[in-house]
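In what follows, chain A forms one complex with chain B and a second complex with chain C.
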Partner chain A sequence: MNGILKNKKAFLVFLLPALVFYLVSVFYPIAESIRFSFIKWGGLGPKQFVGLQNYVHLFKDKIFYTAFWNNLGYLVIVVGMQILIGLLLAVLLTYLTKGVTLIKTLYYVPCIITAVAVTQLFRSMYATQPEGIINQLLKAIGLGQFATSWLTNVKTVLVCVSIPEGWRYTGMYMVIFYAALISLDPEVCEAARIDGANGWQTLIRVKLPMIKEVMLLTLTMVLTGALRGFDIPFVLTNGGPGNVSELMSTYMYKKAFAGNQFGYGSTIAVFIIIESILVVCVLKVLFTGKDEREERRIQKEQRRMRRKGK
Partner chain B sequence: MKKKTLKIILVVTVLLFLFIQLYPVVWLFLASIKPSTELATRPFALPKEPTFQNYIDIFKEGSVFRYMWNSLKVTVISIIFIVALSSTAGFALSKFRFRITKPIYAFFTFGIMIPVQITLIPLFCFYSKMGILNSSFTLILPQVGFALPLSVMMFVSFYSFVPNELIEAAVMDGCSTYGIFFKVVFPLARNTVITVGSMYCILIWNDFIFANTFITDNKAKTVALGLRDYVGAFGNVNWGMTFAAIAVTILPPMLVYFALNKYVTAGMTMGATKG
Partner chain C sequence: MKKRMVKALLATAVIGSVVMAGNMVAMADDEPITVTWFASRPVDGAIDLAIRQIAQQYSDEHDGNWNLEVITEADRPSYLQKLQTLISGGNMPDIIDIDATPYCQELVDAGMLVDVKQYLNDEGLYDKFEPTALAYQEFTNGTMYTLPLEYHVEMIWYNKEIFAENNVEVPKTMDEWLDVCQKLSDAGVTPISVDGVDRWPVIRYLAMMPFRETGNDYIIDLSEGNASMGDQTGRDGIEFFQKIGKYFQEGFAATDYATAQAMFLDGQSAMYYIGDWEIAAMQEAYENGTIDYFYLPTQEGALTGANEFCVNSGIGMAFNTETFDEKTKDFVNYIIENYGKIYAGMDQMTPIKSDLPEDHEFSDLYLKVRDDMGNIGEHFLKPWDCYLDSNTCTVVNDNALLLATGDIDEDTFVDMVDSALEEYKSGF
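Moving on to the complex of A and B:
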């Protein structure tokens, strides 16, 4: 980012349209959301400033806690499928010699299907009337007693709304991990092998630490994605039966657009955004090793010294 | 010997997962050409008497075309805006020598973390106050806004490969700053334009959350909303018609994907690899 042009007017002409658009469409609504989270408003009539009352209410709201814990469960399943299976497949693919491009292309297909279509697909698989594929398969292999009405069974519904989301993006994360693994310097792995490391050790001790950056970024994407998970759970069960599969964003949506509690809905939205930012920060700290932190501190110190010297 | 067994296990595992990934999609297409009775009795089997009745039904009913037209409108206009705004902003942020470029770039990239849900309530209130709910504009505004962080990032990272010497030479030849962008830099960015365009084409076509919030009128419904209506709109869930409608509406993004495969994956994985 070391440009050479210095025409101030041209700079503004190029930058301002995008910047203004970005401010109006993304940052103005965020500011409004934060403001709304302190008011009570049913969509019509005057807005009533209530201070922290919405937040107090939030932490007393039982359904919100259900949604929060459900969201964690959803997150674990989605992260498990996308990161673990994605990584496993990427590692396996690195050992393949033929057809990798084709396999990659095909694995990716679910990502380009709209969430509603994915949901309808899974809905028909979970269905009982007419009998969906999953129940038929269970009966066919003699496990008929496990066949259940997946989406109305309180014990299975949360898992059932999580799986489609995990399934959908596994291929994408595989492609990301594969790209990272394939770009590693083969000499390093060779060196590890010469030093007596077997394939497994090379993978765990050498390759995975080397793609740490990519790991951090994909984890950030998956975690923040799962915290805001909405489309599939909303279309599939809309939090039901009751609130058994409620997630935070479906709850927010319900409160705001079905319950007309725009203030309280905004409070939940603000909670989601704070939570996402916290997760990103925690991940960054976790992934920044002790050495790196030390290094960065020294760099900062040096920079300050230099500035003083000037 | 041991190596060979390992290799076989490897190939089998990869193929097994490939099957899991693709089976629902293939099944969808097969189901869409099955008559309803067959769908109920033997959903796994290959269609015995393939029929295009489901397709004829949805074409006759006709709303699928309206959904697709609405989605197309939103997608095309959004992409034009995304490319125009991010290619210019990227140029400003990477080829100008001002101290402010770095913080502004950071400000743009910060947007990647922001969940779209936070904007729904304020935008909804704003739109209903202005009386413009159900218009394409309601979708285009947030789509473009939320696309900007990543697309600006992609243009900036491409422009960083355009050598400054090239720009210096153009300046020497008497080219104005605007001329440099339109005649030198932007034409070079063809691949980035295709990447950004194809990726957002798929993402915007598939959008559900904005459409579901801002569109209620049947006339303005986009594909994602329309697909929901096949369930329930015909009394019972008409799976045959639903599958046919899904198959028709996922065809455009599929075509874009298979035609521009490399660009789409590059775009979608960019967010993770470039940071």
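Moving on to the complex of A and C:
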């Protein structure tokens, strides 16, 4: 048994099936999407190569820009809810001595409810006919003038469509941050306290920097997820009314599957891919501190010298 | 270790091939023929039940060696997307539901659909159908590739009590209709409830004025790129739509079919536009005198008259040329022979001429509507989503909601529709 774990070839054999599956089910469709973005096809008949025509159309398309900015608005709300509220809850949880597991489980439950169920839940809450719980509450506490049809009011629909997604995964990020916070070396926090830091300073100056790696991971997950957000906005409003709550993914779906423009839909998909990659690169750069960059540069130099010396 | 792995792999390969061979032998035996119907009809609705009943009868008569598999997707936009995806992937079902849309024309051009008009003529079954039911299924060039299974008139149902309480009469003209709405609105009543979620009920209102002015000529020209949304007829349509849109219930864009209808039947709105397929739901209120209906009001100087409004034969049934063999043809003929009576017995209007079954009692409402259908004019309003290409249709559907609430203005809407039509014309 030990022999296998040490054998490098064995690693490859065990990794190969998963790798092949990943290539076939993820990589290949992405490559096909990129290929499709240079093609015009309506689902029937021959595919026509059109070069960059789809991309030119993309940058002239007003609705695409609407979808792009809407997506950024959606992103801000979703990231704000999932990271900030998730972190806040995790920090509060670290001060709790009893019932931690119960709270964690309860807060995690929204993650495991299906998207459609979450959508129905929020649809009923936002409704006017029959009156949903939000409007009922507003009227009950005397703020009836704010009661509106949340999903059809063009001023509120985008925010209302973003909130369910944010709410859904807050629990998951709370659990991740909590695990990171309690795994920190308590001696470091002790040392900080001895040096005179109060609770808030310990949190901001000591604990959070120590979970930087986890932060990077969660931000990557949240940001790329928000850029690809689809299921809840699609089922709630389908981008409507008009294109007011249109996101890039719902617009892509509309163009490809409702409008029968598979080439153009693929172009939008490629844009989403490139945007997500860019965001991750930017994140990596931001999170790599100056010292780390200096260290890496030195290591690179040393390797180069070693190779030359050989 | 290596030897054991090789042995294990060999064993798996042998067992695997034996299992596969076994399956193939099983398939070679005589299996019952299955015809798949990818349907866009509500499950357990009248059509679904009628066809299943007929299929069961047919299967019994053929000793169970034939059966119909029905796969349903009742939400029309999802159905169309799924259908398009199936066809793009080369998996077109044997029987599908489709309107005579530009997409249907593409399927016809690719030779994928059976020429139903020719088929009915060849089999001598053409005259068994109501002429308007067939005319509705035709393309503008007179060809027909879909079979009608329904026959409907659409009307505006109104609450008699609310009308009486507010001293308003049934409107005869479009202007009178707007006046009635205004009076009701002033009195604090919701004049009209409408289902915004499904989009098509809202688009009906947009199509009304152009139909009155030109019949279907305007929308035909528009969909073919020979007219603009900004032409006078288009603008008249938009202006009427904007005026009547003010009288829809608040938040109509998020109200679904069932809720809009329930609002009307509960007396929370004064009027509701829906077709005779909801007779069963309207029955009770009609019988105790709470509700009644009127047809689309007229417009002075209009092309189409009072007995001309939306008469349709619903989404049609189309057949895959590849699988339209003798057995399927026999089944289709069987449907045409038996469908009329069974469907009428479910309190529905049948597109296939038949006598009413004697063993079923028909209500006054049913008989009245049936009479009306015998008096319709030559022109019938064909829904815009049957003419427009998928992309323009989506643009119109999405933005009409904003137009009705006043969140976009007439010119913006005209630009959006014209751009979408331009894209279609340029073959984008």
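In this text, the second predicted complex is superposed on the first by the 287 of 310 C-alpha atoms of A that agree within 3 Å, B and C clash if a C-alpha of one lies under 4 Å from a C-alpha of the other, contacts with A are read in each partner's own complex, and residues count from 1 in each chain.
Keep in mind that, in the parts below, a residue touches a chain if its C-beta (ideal position, glycine included) is under 8 Å from a C-beta of that chain, and two chains touch if they have at least 3 such contacts.
Just so it is clear, the structure is predicted and the values come from calculations on it, not from any experiment.
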| item | value |
| --- | --- |
| Contacts of A:F11 with chain B and chain C, given as first, second, both or neither | first |
| Partner chain(s) touched by A:F257 [first = chain B, second = chain C, both, neither] | both |
| Greater residue coverage of chain A in the superposed arrangement, chain B or chain C | B |
| Chain B versus chain C as contact partner of A:G240, first or second or both or neither | second |
| Touched partner set for A:G86, first chain B, second chain C, both or neither | neither |
| Touching partner for A:G166 - first (chain B), second (chain C), both, neither | neither |
| Overlap of the chain B and chain C footprints on chain A, listed as residue numbers | 43, 123, 130, 257, 262 |
| Chain A residues touching chain C - in the complex, by the definition given at the top | 40, 42-45, 57, 123, 126-130, 148-149, 151-152, 154, 237-244, 254-255, 257-262, 264 |
| Contact set on chain B toward chain A in their complex | 7, 10-11, 13-14, 17-18, 20-22, 24-25, 27-28, 31, 39-40, 43-44, 81, 84-86, 88-89, 91-98, 101-102, 104-105, 108, 111, 113-126, 141-142, 144-146, 148-149, 152, 156, 160, 164, 167-168, 177-178, 180-181, 202, 205-206, 208-209, 212-213, 223-225, 227-228, 231, 239, 242, 246, 249-250, 253-254, 257-258, 261, 264-265, 268-269, 271-273, 275 |
| Footprint of chain B on chain A - complex, ascending | 1-8, 10-11, 13-15, 17-19, 21-22, 24-26, 28-30, 32-33, 36, 43, 85, 89, 92-93, 95-96, 103-117, 120-125, 130-133, 136, 167, 170-172, 175-176, 179-180, 213-214, 217-218, 220-221, 224, 227-228, 230-231, 234-235, 249, 252-253, 256-257, 262, 265-266, 269-270, 272-273, 276-277, 280 |
| Contacting residues of chain C [partner chain A, same complex] | 77, 80-81, 84-85, 87-88, 103, 106-107, 110, 112, 196, 249-255, 259, 263, 390-391, 394, 398-399, 401-402, 405, 407-408, 427-428 |
